[in-house]
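Before I ask anything, here is the structure I am working with.
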Amino acid sequence: MNVETTISTDIAPLHFDQVRFEHRGHRLLMPTSVTFSGCRRTLIMGPNGAGKSLLMRLAHGLLRPSGGQVRWQGATPVQAMVFQRPVLLRRSALENLTYVLAIRRVPRAQRKARALDVLERFGLAALSKRPARVLSGGEQQRLALARAWLLDPSVLFLDEPTSALDPAAIKAVEDAVNAFHQQGTRIIMATHDLHQARRLADDIIFMYGGQALEHTPADRFFDIPHSPEAAAFIRGELVW
Amino acid sequence: MQKMTTMVTAGLISLSWSASLLAEDDFITLASTTSTENSGLFDAIIPAFTDATGIDVRVVAVGTGQAFEIARRGDADSLLVHDTAGEEQFVADGYATERQDVMYNDFVLVGPSDDPAGIRDSESAAEAFALIAESESPFASRGDDSGTNRAELRMWEDAGVTAQGEWYRELGSGMGQTLNTAAGMNAYTFTDRATWVAFENPQDLTLLFEGDEALFNQYGSLLLSTENNPYLKQDLANEWHKWLLSDEGQQAIADFEVNGQQLFFPNAK
Amino acid sequence: MSASDNPFYTALTLILGMDHRLFDIVALSLQVSLIAVALASLLALPLGAALALWRFPGRNIVIVMLNALMGLPPVVAGLCVYLLLSRAGPLGHWGLLFTPGAMVVAQVILVLPIIAALTRQQIESLHQEYAEQLHSLGVRPLRMIPTLLWDARFGLLTVILAGFGRASAEVGAVMIVGGNIDGVTRVMTTSIVLETSKGNLPLALGLGIILLSLVTLINALAHVVSEMAKRRLG
């Protein structure tokens, strides 16, 4: 963990070179070139169907581009992703975490202690033996974040992780995101919540109709958006 | 996962149990007919043989045709069937070295108690069969190439009729199943006496014709040849063969009764 | 109908009498079918899961064949095993024909396609849910198989029970390869056939009632165990 913090600014930049994506003849992502670098919190904004999730899945390697290149400049860093609806195994909260450690070949004797540590950290210690899938939505998302934490990622992707949660749960997720960031993790997160973006973002990528229209620092984005679509979005005139 | 482990362990234990069955060599496999098995004859005589020799006899009861096939493939150590012509051919073909008469019973004709074909007072079996064909009364045939089926076909031939038409129903079943079906259809059928006497579901069927010498049903024991079957337990099978023909074996057959009626008549020479 | 003609009465007297031979027959039936289902599961669960996860040329043909084999007539399976294990067959030197081992082999062949085909369906739908997450966690395909099998365990229990139902109910295969030998390979279903052919219908039906009760009992047990586990694990 400490080692990672000191080299955090050296996380390999991720380049999108004219990346496009098509599915069954529909072009879902227009040729896009963006770069994610440093240890920033980049929020991807835009209405539903703009291509936010697509961009993240391409970045994380869950999808292959139809054209162009997704390229890490240097060694591919450790990554994790938290989905809109958490996908948890049909096991206890604790076992969901020890599973990840087993995948990462952590010696069996260390798994339980490390998992319990992280559960404690995310306020889930009391629920360790509960089946993960009967937890509340907020608890499930926290467990998904705890699982990501165990991976010690250099880059964390979050796909609208708070869209189905109540305010208290949203707060917990945002705190966790900041905790990751303070540990030196690059954050790439999709949201359509303007307030959330104002609270978290270092810079913003604004997407509309399968195109990345802007990539600007957050304060500039909210004060003087380039595109009329972004301006309309900020005024709350674009339905999502 | 624990459940899985338990299941696998149980499986392995049980497999070793099957293996122990294989290891036990003091038995022979006897291919025989459903008529002998269904009547209960083997239950009565095998314990006596086992007591005398320590050899167990495992009976696979099938039609005579299938019994020949099992022996031909080397899956039986001994044969006890009732198709003298077929048995002699089996010896001639080199699958068996010896065939001996063991016992006989007889075939009978059963049918609906009101006897629509009027066979009750026939002079001969041939006449009874001719009457059934003439009146086109429903007749249930085994149709399975068993010894009984082969004997039945010879009867039609002797009667000089071709068994054909809607009234003649080939079932392709064993004796008991054929009796069940005949009872259900209220049809005539041709059966060995032993199965008939032991049969518990006759409904309206009754014994209508018996006693003609042509209905004689001879059982023979065959000593199989090792030539086609290197696994044959020849010594054990030989003991069984000899015991069947011995005074003890013949007496055990004579002593077997169902409902106070002797079903098999020993006639070893 | 007198009392002795009533199959329920017959079944009851058989059970209460704890007849030694009946007990052996019941035990052998359960033993053969349970071993067959355990062995078939051992092979078919990973096979079904692998088929759900891997895309390879001819995959659809394999799936269609597997689905079709679910309807394999027991007699045909029995005949194939008979020809295989017969002294004149390729595996004749094993000496398995007319033993419980041969019956296990035949039932494995009958049950394996059922468990594999149904497992594939279950695992495929679970995989749709898990695929992105497991990929994100860096789980390799080979490692996904045990993960998905374990997480689908409650559905798979039903699949295994379906296999057990097929195994314990069939008669065509065990009759041919077992030979229905008294005290050696005689099981519930072959006894029922035998008693029917003797015209002893109440006894045959009584045995049928006992068989059905046993299968019901096993299903009920599995149901209770799975419900308890579900409540505990979600």
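First chain written, first letter: the chains are A, B and C, and each begins at residue 1.
The rule is simple: a residue touches a chain if its C-beta (ideal position, glycine included) is under 8 Å from a C-beta of that chain, and two chains touch if they have at least 3 such contacts.
Chain labels with UniProt names: A = ATP-binding cassette domain-containing protein; B = Substrate-binding domain-containing protein; C = ABC transporter permease.
Computed from a predicted model, the values in this text were never measured in an experiment.
Overall, the chain located most centrally, as judged by its C-alpha mean against the mean of all protein C-alpha atoms, is C.
Farthest from chain B, judged by the mean position of CA atoms in each chain, is A. Averaged C-alpha coordinates give centres for chain B and chain C (ABC transporter permease) that are 32 Å from one another.
Centre-to-centre spacing of chain A and chain C (ABC transporter permease) amounts to 47 Å, using the average Cα coordinate of each chain.
Note on chain placement: the centre of chain A and the centre of chain B lie 78 Å apart, centres being C-alpha means. In chain C (ABC transporter permease), 150 are the positions where the chain touches two or more neighbouring chains simultaneously.
The part of chain C (ABC transporter permease) that touches chain B in the complex is made up of residues 31, 34-35, 38-39, 41-42, 86-89, 92-93, 95-101, 104, 150, 179-182, 184, 194, 196-201. Looking at the complex, you find that chain C (ABC transporter permease) touches chain A at residues 129-130, 132-133, 135-139, 143, 147, 150-151, 153, 232-234. Residues 1, 7-8, 10-11, 14-15, 17-19, 21-22, 29, 34, 37-38, 42-43, 58-61, 72-75, 174-177, 179-180, 183, 198-202, 229, 231 of chain B touch chain C (ABC transporter permease) in their complex. In the complex of the two chains, the chain A residues touching chain C (ABC transporter permease) come out as 57, 60, 62, 79-81, 83, 87, 89-92, 99-100, 103-104, 130-134, 147, 151.
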